[in-house]
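After this come two complexes, each holding chain A, first together with chain B and then together with chain C.
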Partner chain A sequence: MSSATWRNFFTYNKYAQITARAVRQSLKESERVVAEKRGTTALKYQQWENGVGGPQVLLNSEEGKK
Partner chain B sequence: MLARRSLARIATQPSPLGAAPKNARNMATLREIELRLKSVKNIEKITKSMKMIASTKLAKAQRAMQSGKQYGLANSEIFQHTPLETPAKRKLFIVVSSDKGLCGGIHSSVSKATRRAIADTEKPVDSDSPIMVIGDKSKVQLSRVLAKNLAMSFNQIGRDIPTFADAAGVADLIVKSDVKYDGISIVYNKFVSAVAYEPEIVEVVGENALKESAGFRAYEMEDDVTKDLAEFSLANAIYAALVEAHACEQSARRNAMDNASKNAKDMIDRLTMQYNRGRQAAITNELVDIITGASAL
Partner chain C sequence: MSTLRLLSSAARRAPSALAQQRRGYAEVADKISLSLVLPHQAIFTSTDVVQVNLAAATGDMGILANHVPSIEALRPGLIEVVESGNASKKWFASGGFATVHPGNKLTINVVEAAPLESFSSEAIRANLQEALKVAAGNGSEEDKMEARIEADVYEALQHALGSK
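So, the complex of A and B:
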């Protein structure tokens, strides 16, 4: 694949995290449990406008509803 | 005259509430001291256990910091070879702190460093430089002073050792947001030793500056790859700052709880002395009463 089209949809960091998640899920069970801990994030963020904060959004809310 | 006699009569009549016990004032004070002593002892237990927890977390955090620092070092290698031609005017400040308190001056040191950097006259930056805060404590402090500059804030980082997934998520959100900047400054606490920390600012070169730099132009780097590198190095720098700030926070919490336990112990000693002295004074008074009473018979 000489022309990668993923750049139109997400950033390199998101790309790296997706591939990392794929690798972690493919590991042997014992290794996978250890690796999952390294990939957990409960990040929440909120946008600010003019000194007022917006609602706090969970970053993984779409993925978390598996 | 009549008034004086009626006053005297009222004074000798027993009060409707009944006579107060002899050592009423002493005993009430003794009861108060006892209650205070109990509560300070409980507080000392809590701060001591918090100190133990923070010490064990510190050991783990320091190990993570040693390995996490390598990411930051890799970044600085690249940035050393791509020096900025013109200093960045519009900086994005990323302030790294955490959500939990009881850790001494961690959050205020980072907030103060950010305010100093924005008000700096030697290397001036735009006064409306955007600020993004990781951690609720610094967010509250900065929103009181520099609310107009706040662009985004993050929390739920720092409960455990920060992961690269956290840093990548933050970097992803920063790049996706439409905040304009020439360069990035990450403000965090540097781990000087187990008892000392100091705020530090680390520069991250933005994508455009990388493209303009002489080294990249000599190698004819593709734009796509440069963009990837800029995004990844931002995530690296954020990760290195996160782990180091986490280690600083654990050490500061341990020191703060250590001081609190020492102060509580001093208070316990003082209160115990006071209590014992008061108790002995009450006993002596009772003895005096009994003896004078006995001698009167």
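So, the complex of A and C:
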């Protein structure tokens, strides 16, 4: 495995996400659409101060990386 | 080890004529309870199967009934399940862990898996070319390592599809 040194850069979780994404992208067109949805992650955060919530911000880091 | 156990248990269960019987895969009496699960789907839930072939990170292995308890990390590769007789079903899994528990149970947890028929050779070829291009390019070490991991998966997929 030429990528045996991935440990220098990634955690196992990240490695598992990369291989899962590779498998999803290799599926036939009909199944790929459903599978791709499984891979997307989105994060929404909101800052609270003195009992008042700030604006909700959508942070989609997965999209940004791709 | 398991053959010894099978012979002695058969001798206990049945008259001595059965103890002489040669063990063939078609007449296997001992099966292992397999649970093959994905985060979104359970392919097998405590189903008795004859043999499971795995692509472990340390090498290919076949799990039969009464295997010694072990934990194996899986590399992106084939999982082959022999339920009975000679028919076997194959899935390509992106990776995960296979755990043999005491009490003849095998649990395989993988992140993503699909039967071989669900894959498209053209998509794999195109993805592999793309990944090799990035891996040999000028990007950051992280991007190149990511591409190299993907290239390994695509190559394993091609190998799996080729030797169907």
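Simple rule for what comes next: the second predicted complex is superposed on the first by the 41 of 66 C-alpha atoms of A that agree within 3 Å, B and C clash if a C-alpha of one lies under 4 Å from a C-alpha of the other, contacts with A are read in each partner's own complex, and residues count from 1 in each chain.
Keep in mind that, in the parts below, a contact is a pair of C-beta atoms (placed from the backbone, for glycine too) under 8 Å apart; a residue touches a chain by one contact, two chains touch by 3 or more.
Given the structure is predicted, the values throughout are model-derived calculations rather than measurements.
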{"item": "First (chain B), second (chain C), both or neither touched by A:Gly51", "value": "first"}
{"item": "Partner chain(s) touched by A:Lys28 [first = chain B, second = chain C, both, neither]", "value": "second"}
{"item": "Which of chain B and chain C A:Leu43 touches, first, second, both or neither", "value": "first"}
{"item": "Contacts of A:Thr11 with chain B and chain C, given as first, second, both or neither", "value": "first"}
{"item": "Chain B versus chain C as contact partner of A:Thr19, first or second or both or neither", "value": "second"}
{"item": "Intersection of the chain A residues that touch chain B with those that touch chain C", "value": "10, 16-17, 20, 38"}
{"item": "Residue numbers on chain B that touch chain A, as the complex places them", "value": "143, 147-148, 150-157, 159, 163-166, 168-173, 175-177, 224, 227-228, 231-232, 235"}
{"item": "Residues of chain A touching chain B in the complex", "value": "4, 7, 10-14, 16-17, 20, 37-48, 50-53, 56, 59"}
{"item": "In the complex, chain C residues that touch chain A", "value": "39-40, 75-76, 92-96, 111-114, 118-120, 123-124, 127, 131, 141-142, 145-146, 148-154, 157"}
{"item": "Complex interface listing, chain A residues touching chain C", "value": "1-3, 5-6, 8-10, 15-29, 31-32, 35, 38"}
